[in-house]
Amino acid sequence: MIDHVQVLHLAAGVFLLTAVGVLWRRQLPAKIRLLVVQGLALAAMVGIIGVQRGDLALVLVAAGLAVLRAGVMPAVLRRALVPGAQERRETRPVVDVAASLLAAALLTLLAYALTRPLVALDPTPITAVLPVAVAVVLIGFFVLTTRRRALSQVVGFLLLDNGITATAFLATGGIPLVVEVGVSFDVLLIVLVLQMLTLRLRATVGTTDINELRELRD
Amino acid sequence: MNILGWGLTAAVALAGLGTLAALVAPERVRPMLAGAATAGVGGAGLAAGVAAVAGVGYHARLPWLLPLFGVELVLDPLGGLFVAVAGGVSLVAAVYGIGYAARGHGNQSRSTQAVLPLFVLTLLLVPAAGSVSTLLVTWELMALTSLVLVLTDHRARPRVTHAGLWYAVMTHLGFVAILAGLVAFAAAAGGDTFEALRAARLSPALAAVVFGAALVGFGSKAGLVPLHVWLPRAHPEAPSQVSAMLSAAMVNLGVYGVVRVGLDLLGGGPAGWWLVVLGLGAASALYGILHAAMASDLKRLLAYSTVENMGLVFLAVGVAGLFHAHGEERLAAVALAAGLLHVVNHAGFKTVLFLTAGSVLRATGGRDLNALGGLSRRMPVTTGLFAFGALGAMALPPGNGFVSEWLLLQSLVHPPAGTGVVTAVVLPLAVAVVALTAGLAMATFVKALGVGFFARPRSHVPERAVESPPLMLAAVGVAAAACAGLAVAPTALGPALSRVTGDTLDVAPAVVGGALTVRLAGIASTISPVLILVALVAAVALTALLAQVVARRPARRRDAPLWDCGAGPPTPRMQYTATSFAEPLQRVFADVLAPETTVDTQHASPYLLARMRYQRRLPDRIEYWLYRPVLVAVNALSRSARALANGSVHRYLAYGFFGSIALLVALVVIP
Amino acid sequence: MTDSLQDPVTAVVASLAQVAVVVLVAPLLVGLMRQVRARMEGRVGAGVWQPWRDLRKLFRRQPVTPVGTTWAFRAAPLLLVATALVVAATIPLLTTHTVLDRVADLFAVVGLLTLGTVVLALAALNTGTAFGGMGASREVTVLALVEPTILVAVFALSARVGSTNLGQLVDAALHDPLRVVSPASLLAAAALLVVTVAETGRLPVDNPATHLELTMLHEAMVLEYSGVDLGLVELAASMRLTLLLGLVASLFTPWGIATSLAGLPLALVAFTAKVAVLAAALAAAEVLLAKLRLFRVPELLAGSFVLALLAATTSFFLA
Amino acid sequence: MIKLLGKIRRTGRVAEPASPPPPLSCPKAARLAGSVQLRHVDAGSCNGCEIEIGSAFGPVHDAERYGARLVASPRHADAVLATGPVTRNLAEPLRRTVAALPEPAIVVAVGDCAINQGEFAEAYGVVGAVGDVVPVDVTVPGCPPPPEAIVAALRGLTGR
């Protein structure tokens, strides 16, 4: 039969794949869909840890995460998309897709190399997934730096945050409920602000291509 | 004095005779005599090498031959392998050269023919050197003789002089590196012979310096990126039989040097060294094959493919050193065996390829793939031989290159437990590099064969082609036969490889075993090239039979003109050229290759285009970014130096005077 | 005991059975894919036997040799089919103990399939037509980029088994089924599926049904073939599709593979079912997909390469 | 994607039911045994016939279900679908195309123009009907011929 560890590893796999998928796809709606999946995977991972420890708080946190990361934030992002607008596609990212995919691969290897000592500290099935979380952090950062559209940068930011959350849970086996909730709401706040900015941006400049902003300087 | 002694003596004697003959003989018979002598040298070397690999030891000391240290000759299995390869290649190439030079191709000049035997001799003596001084002397002799050979056609084509200049500079920089490294080593070891060096215990820092210097020096000879720039210039410009010797025999000695110094004399060393070797190897493999895939000059393409194959060998050596450093002797041995087997295989198919390319050059006077084509009708045998060599170079079964790449991959895909994160990250990447290299090599040789030999003539160049004389064909045929032997029965080399790896890194022998199927020590995977071949043949027969059975009354085959979409017969210019064939790959790898394209259009009127010119250049980027600044700086320096010399005798005398005065003053001042 | 597939005689029998099955099933598989496609487009479709009808006719049709081509053009179809046959006798489809299992491992199998493509590309260049060169150039480009994905995926699979011989890989998967659902093997499966699509020239890499030469990859190489030559090329193409799908099926859903001669009939059923399901899924996906631009294909392959590399690393670290 | 699948499910099969197969219309077709590959040559038609051929292979009439298929190269083809009056520029290409087929080649003249120049008889740019350029085996009258007629003619070749 399939035990906790198997499920945890599968969830981890999905968690990483969605991150790669965000790099792979050009369509912003598709990226947001991937975010939903990733949120669910994150919740699943946390939930499994909770179940395994028999820790109710963790399970609750997992539920909260599912609602927030897979429900609320993607919905907020969707609202920022005007249907049919040309902004729905990430045309010509700074680093082209093939290259960024290879970069993602290298980042993952780097993550594995980085977390090797950490995992070695107490090699349990849970910490074994740690590299995946770190990899997602790195990939999120990569998206943040190499994508032009403001919205796909928000997506990158959310990747980053998911990664950090996962890292926290996997490394320390759970941070207090309050902290987690607080952090999540900060993130929500940031996303809302960014979304508002995006809308204002389109209203004033007409595009959300960050490079266009240079023109505002002079 | 055993067989090895006799072999080497014979080689020396024959080389001397050949040189003499070439100097005195009239031009008519000169290639014949020199070629025969050279072939003899090669044959003697082959015999000696085989004997040495078979386990016959040899050690000779000739104190009177060189001042100070004397000459020390030692032939162990490792050296023997390289001597055998060099000997075999030279034997074939020399015989081919007799026919090649027969009908005026500029290379029957006295100098070339006289130097040829000496060059081959040095190829044999470098791996047989048993002491630092001997190695350095033979190495330098090899560099000089090969330089003369590269410069053969310098009167006919100015590019040759340019290539020779690059070669001279690079090879001597390399020599300086080797000199510095080995002399420091010898000084620290307090002895000149290899035994003394083996016995020596160096401080880690010094060891690293020695290894680094050796890697630079020997690596430059093997065309290791970024020291490869001379290779794709010099190898194609030499006469084709010399190109074969350079590309199939001389480059190997770079590998020999690194293995000898790194694994044998220094006895391994930290993993860091070998990661560097591995990285450089991977870079060379990819960079070389990428440029080969883009090249449209047949011989330049082959030269770049040499860079690629040497890169693969260095990758294997790096992996071997890495595992050795981690104490994984068994895998290290497999990796090293893979590298050495690839040296042999590469020598085989590269000889075939360069010699057939020479036949094409001789028959058509051209080597630009964009102008060739349709040779398979005019030179069927040569085409068949080239196809055979290409199969080996593509590393596809049932070619001979496949076996060694299989060995290499086997050494990579069985990661030992607990050799640290570095291995865990490096091995998959190494596999990816090998795979991509293999894929691109396939594209490269499909292009070379399909565009150059098949299809229809793209210009008048191939139209006057005629098949080469029997002697040349026979020579290439022998090389091809050797490749076939390596392809179907690689296990015949098993004991030899096991012996070499056994005493290079001290592990139990029998790394590569088995009779029909290749078996590796401690690895479950097996293949059997010969049975694959048999199965393929059987399958072809079965298919033909099947086709007959299904079509009960098969219709008669008929010839028809090419399908031209109804609009008249297509002209040869409508065919894909080598350049257009490589275009998709060039786009995919544009970030690495950074091609320069210029499109200039002339308008007859705002609406009408008079003429349009599209030009694409693919300069060697490394050369562009790494070497050009240096060259510029050197030029500036020399220009400023010229100001000192304005031709007035007084000034020169003044320089001398003040110089000596300054010296004397210094002597007085310094106690 | 003679019943066990270990002993050579039964191994030969089993391998011959495999070859026969592959040859017979391959065209039907193509027929099935066309049928699924037709039904999803609201058409009736020509039935799964249509490819066999086409082949029968082609084998009887008059072959045409274009003027100016040489032996390479004539030999290519035979060699192409031959490589496919050898692979069919090697890889574990019905049994894990094929007669050639110790003879050719996964690398050799990949090499043989590649050899087939290379031969066809050379034949296409041999005609000296613009389309032939175009097809060859594109096919070879895709092939070169596919290679790393395949071998790294092989790495991921073989790293823990300690062998690249397919029989042992599949045996290992049979003996602990949990290995199949491990992230490493799932990632590898995804990577290999992309590779299969690219190697067999299906959407979104290549459109097997196109009539427009300028959008062709594989088809452009065979424009000059006719009669029995064309029949062999088509047969080989369908066989390669069957083999690759069968390989993926055996590696990742090894259940039902025969370990004894008695098990062969069951294995036959299981194999057919698995391959049919995969093919139908592929065809259904093709209805929903559009062809990628040629220079978007590298992105797809880079993606599959990432999957394979992740598979390799996870097989290291999560092992 | 989900939407598309739903639509596919709702649409279901649109092809019309098949009538009983007609007899073989051409002796050369005997060897083809239920599989006919076609190369279409527009020898100067007004594209009316092309539209009808297109719909003959569309979902409603689905000529493919009877074993007929359009292919990209005459080498793959058993028959040529020629349409339109043959113009001067396309007479030679038509000949070449028919010559490029493996023997025996079947020529199907689709539409009145192809059969007897129709509208364009005696036009200055017209060489003649398809029959005047290459031997015709099967004709499909009509201007343009209805898809049913084209399908019927093809079934006459496949025998299904």
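For the reader, a short list of remarks on this structure follows.
For clarity, chains are labelled A, B, C and D in written order, and residue numbers in each chain start from 1.
As a working rule, a residue touches a chain if its C-beta (ideal position, glycine included) is under 8 Å from a C-beta of that chain, and two chains touch if they have at least 3 such contacts.
Being a predicted model, the structure only gives us computed values, none of them experimental.
Across the structure, the highest number of inter-chain C-beta contacts is found for B-C.
In whole angstrom, the spacing between the mean C-alpha positions of chain B and chain D is 59.
Chain A and chain C, compared by their mean Cα positions, are separated by 36 Å. Taking the mean of the C-alpha atoms as each chain's centre, chain A and chain D sit 56 Å apart. With touch defined as above, residues shared between interfaces to two or more other chains in chain D number as follows: 73, 75, 100, 102-103. Counting only residues that touch two or more partner chains, chain A has 99, 109, 112. Contact of a single residue of chain B with at least two other chains is seen at positions 424-425, 429, 555, 558, 560-561, 563. Chain pairs that touch one another: A-B, A-C, B-C, B-D, C-D. Those residues of chain B that touch chain D in the complex are listed here as 555, 558, 560-561, 563-568. Chain C meets chain B in the complex at residues 23, 55-56, 59-68, 70-72, 78-79, 81-83, 85-86, 89, 100, 102-105, 107-108, 111-112, 114-115, 118, 121-122, 124-130, 132-134, 136-138, 140-141, 143-148, 150-152, 154-155, 158-159, 162-165, 168, 223-224, 227-228, 231-232, 294-295, 298, 305, 309, 312-313, 316-317.
Chain contact summary for the complex, chain D toward chain C: residues 1, 4-5, 8, 11-15, 18, 31-35, 37, 59, 62, 64-67, 70-73, 75-76, 78, 100, 102-103.
Residues 178, 181-183, 186-187, 298-299, 302-303, 305-307, 309-310, 313-314, 316-318 of chain C touch chain A in their complex. Put simply, chain A touches chain B in their complex at residues 99, 109, 112-113, 116.
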